[in-house]
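One chain, chain A, appears in both complexes that follow, with chain B as partner in the first and chain C in the second.
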Partner chain A sequence: MAFDLFLLEVIVTGLLAGVMYALVALGFVLIFKASGVFNFAQGVMCLFAALTLAGIMEKTGWPAWVAIPLTIGVMIALAWLIERLVLRHLINQDPIILFMATIGLAYVLEGSGDIIWGSDVKVLDIGLPQGAVDWLLDTHNFYIEKLEIFAAVIAAVLVGVLAIFFQKTRIGRALRAVADDHQAALSVGISLRTIWVIVWSVAGIVALVAGVVWGTKSGVQFSLSLIALKALPVLILGGFTSIPGAIVGGLIIGVGEKLAEVYMGPLVGGAVENWFAYMLALAFLLIRPQGLFGEKIIERV
Partner chain B sequence: MNMHSSVNSTTAFDTSSQSDQDVLISLDHVSLSFGGVKAISDISFNIKKGEIRAIIGPNGAGKTSMLNVINGFYHPQEGTITWRGKVRRKMKPYEAASNGIARTFQNVALFKGMSTLDNIMTGRGLKMKTNFFWQCLRVGPALKEEIANREKVEEIIEFLEIQHIRRTPVGRLPYGLQKRVELARALAMEPELLLLDEPMAGMNIEEKTDMSRFILDVNDQYGTTIALIEHDMGVVMDLSDRVVVLDYGRKIADGAPKEVQSSQAVIDAYLGVSH
Partner chain C sequence: MFYRETGQFKTNYADDQAIFPIAQDRWGIYIILGLAFLAAPLIMDDYWGNAILIPFLIYSLIALGLNILVGYCGQISLGTAAFMAVGSYASFKLMTSFPGLDFTIVVILSGLMTALVGMMFGLPSLRIKGFYLAVATLAAQFFLIWLFNKVEWFYNYSATGQISAPERTAFMFPVTGPSASVLYKYYFCLCIVVITALATKNVVRGRIGRSWMAIRDMDIAAELIGVRPVYAKLSAFAFSSFLIGMGGALYFGVWLGAAEPTEAFGIDQSFQILFMVIIGGLGSILGAFLGAGFLWLLPIVLKNFMVDMLGLSTAFSEHMQVIIVGALIIIFLIVEPHGLARLWQILKEKMRLWPFPH
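Up next is the complex of A and B:
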């Protein structure tokens, strides 16, 4: 009985950690779906959003309910700037060119975050629940973090809204249309500029959510941008174009990682958690390169 | 060849300086060059309301560039374009679209990952106005709008006889059907002017017959003005009310199909050489 409960605890912890990865992966999927570009800067956007929020609260002492809308405003302004200064000049270019541009963007964002808000670790406390769920801990000796449950709820809501938005609405269709063919999208009267601002704004807001959750968990620091690396295997598993895929991929990685650490770790001397996700992704690339839910791309030759 | 045939007899070879009411779009002395290469030099012609206007010419004559100028992909360096009686400035493609100009492409440009239905629905985008907030949740006005526009799309699907492929991702469809879906998407915009860039390229006889019928029906039932580029001379002669012939970026003839066909310049440049 005690063993089963332990296994369950590992799985639940894994699932919740997976949700956190999925939140980051979601931002990638959004931009990839809508522009066919892998946005290298997504991780830095999480950092930048969290940094801005923490910075505003620290410098002004304003409460979270003022600072959060302000940060959302900053992310939308950022999206507008990215369109104006970068994307507008790269219409009809290959995805690889846009990808390179996002690498540059990552460095610019990281640098600006550093200059504006300083480089020391910030505490982010916007009143999210923290610590263990006491009731479960007391009665069943079962440890779950409140924050992770909160993250799971947020992720579920986000995914629900985004899925409907993408599949069944005018703007969602326009986003997918732009991803497929710029010229054709223009010919049916879709304004690329508007679409790009929307996509990057939504990605920025998702980045803010991910940044807040991660920032609350481990402090806002520059290593936050590295969680983007954990999102990569999630994307490979779930498929770059699938929002549900990002979630399922995140969950699989989260659980797999924890299980591997607990049951395989002692055999190989630990630290399995650090590389497990990447090995899993590699295996997936060999067997099912389009991911679990990705669109299989057939090129007619 | 149909109800518009009367317009043919009035002017044969020069239509540039007209200003009658029924001219939908008129291009005057338009020139377009890319660096040193002149794609279009000093071309003038017009398209009248309700007619089917063919643009023909050998490969590289500037036909597609002409369409790109009309729908705003290219901006000519010289000349003026008068749309519905107003001289228009640089018009961006999405402005052209919201002004009622729809088009199809020479090499099918569909949204390959999306279903037939979704592809056609993108054509309704400009008719749908609900804001981001409602769109996010797909409730209230957004839902209502979605359903209303879906009805229009179903009408077009029925019109073009593509009910059976409604849910199929268009990337999987055979070429002929893709062309038809592309036409459907353009029709969904309820355009005033429909530009068709080689709507029958690569089709077999049966598909060509179908497509010709659809083009005539669109023109007839919806009163849509159509400008089309086509290489199949038989089709051009059958469908069009007036034909403009380009060669090396210049206009060499303009008029009713019969007149154009018998023009020595056309025979020299086009019919005699490449076909």
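Up next is the complex of A and C:
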């Protein structure tokens, strides 16, 4: 019994870690669908958003409900700047060129975040619940953090809101049209530039949510931007263009990583977590390159 | 005015197919080589050697290797640092297992070892490309570094987990270890870099090189005209890893002297080299040198300028460097996607017509 409970605990912890990966991967998918840009800077955007929020609260002492809209404003301004200064000039370039441009963007954001707000580890406390769930710990000796459950709820709500936004609103339809076919969307009068600003803003807001949750958990610091790299295997598993794929992929990677760490780690010396996700993705690529929910790419000669 | 090929007639095929068919190019190379071999030693001291010239040469070699893969064959790789690590650890094991072995042979064998590992991680490239391949090479990055951290055999069970280079000689001159003189180290790196650069220049214009470029430009079309993708891609991975592995052996053995996997071969290192290739110019030998020089010297110049002349704090100037490098990459991708090498080419074309551009 005790063993089963332990297994369950590992799985639940993995699932909740997976939610975090999924949150980051979600931002990737949004941008990739709408503009075909693989946004490497998504992880740094999380860092930047969390830094800005923590910085505003620290410097001005304003409460979270003032600072959060302000940060959202900053992220929207950032999206506009990125479109204006970078993307607009790179239309019609190879995807790989755009990818490298976002690596450059990641450096710029990282450096500016550090210069503006300082590079020390920041504590982000906007009043999210913390500590273990007492009831489960008392009755079943089962350890789960409140924050992680909260993150799962937030992720669920976020996905719900995004789904409604994409299916029901006018802008959402335009976004889906652009994702389907740039040319056709342009010809029915959808402005690509506006759409890009919107989609980068949405990705910025998703980054803020992910950044806040991660930041509350382990402090706002540079390592936050590294989860962007973890989101890559998540995307490969889920498919680059699928929002449900990002969620499911995130969960699989999260659980797989924790299970591998617990059961395989002791055999080979630990720290399997560092590379397990990539190897899993690599193995997966050989079997099903388009991912679980991705669109199959058919090459014509 | 001076750069024109008027009056340079080729009377046989050997002349026509020379590496540098234009006389001015040839003289330029002789002058650069002369400066590198004869003039550089005159100003050589510990600072110039260890902080500027030797790392520049080593990074050029590694950037050249990555350029084969990314610039010539079109396969993106984010795992360069891991392949450098393979070269470093191979050279470390060889140096400690066979103390009498000449360091030149150690470097070459390390390169070959890395080529094998590179081919192994290049296998997925036969099925996937683009971002997917980038993730596959990320797997190499994280897995190999983890391996070098965990398996104690690789660092000879040392307590710190570090590897440090013992003293070894190349052609009777000590080139590694703490007591080797900067001058020997510099000459050793220079010889290796010059020879490999010339060899690479020849390889890329030969049959293999042309098949790489065919794959890069359009893989399906290349397959139709008879280029075998398996051979082309794997040979690109092997050749590129060979150069990167040799660079890694020099990086650890000659330059650093001691290394620890997560510090010296992190993912940042991989990006740094990718940037050298992009800024220098994808698909250009000259570009690898220009990019390595630019990205290696830029932080030094910026640091000197901002800290010493403007009196800014070190932390601020470090962040500023990150921003400037990032911005430069974006600017290069927008303005001149073919990098510094292309700028040099444009300059040469302009010079041919100068002073009468019409």
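Here is the rule we use: the second predicted complex is superposed on the first by the 287 of 301 C-alpha atoms of A that agree within 3 Å, B and C clash if a C-alpha of one lies under 4 Å from a C-alpha of the other, contacts with A are read in each partner's own complex, and residues count from 1 in each chain.
We take it that contacts are C-beta pairs under 8 Å (C-beta built on N, C-alpha and C of every residue); 3 or more make two chains touch, one makes a residue touch a chain.
What you see is a predicted model; the values in this text were computed from it and never measured.
Undergrad: Classify the contacts of A:Leu105 with the two partner chains as first (chain B alone), second (chain C alone), both, or neither.
TA: second
Undergrad: Once the two complexes are aligned on chain A, which partner has more residues of chain A within touching range, chain B or chain C?
TA: Comparing touch counts on chain A for chain B and chain C gives C.
Undergrad: Counting only touches as set out at the top, which of chain B and chain C does A:Ile164 meet: first, second, both, neither?
TA: A:Ile164 contacts chain B only, not chain C.
Undergrad: Under the stated touch criterion, which partner chain does A:Tyr278 make contact with: chain B (first), chain C (second), both, or neither?
TA: Only chain C; A:Tyr278 stays clear of chain B.
Undergrad: Is A:Leu267 touching the first partner chain B, the second partner chain C, both, or neither of them?
TA: neither
Undergrad: In the complex of these two chains, what residues of chain C are touching chain A?
TA: Per the touch definition, chain C meets chain A at residues 76, 124, 127-128, 130-132, 134-136, 138-139, 142-143, 145-146, 149-151, 220, 224, 267, 271, 274-275, 278, 315-316, 319-323, 325-330, 333-334, 337.
Undergrad: List the residues on chain A that touch chain B in their complex, please.
TA: 161, 164-165, 168-174, 176-177, 179-181, 183-191, 198, 241, 295, 298
Undergrad: Spell out the residues on chain B that touch chain A in their complex, using ranges where they run on.
TA: Going by the criterion above, the answer is residues 71, 73, 93-94, 97-98, 102-103, 105, 109-114, 118, 121-126, 128, 130, 132, 135-138, 142, 145-146, 171, 185-186, 189.
Undergrad: Across the complex, what residues on chain A touch chain C?
TA: 38, 85-86, 89-90, 93, 95-97, 99-101, 103-112, 114-115, 119, 229, 232-233, 236, 240, 268-272, 274-275, 278-279, 281-282, 285-286, 289, 299, 301
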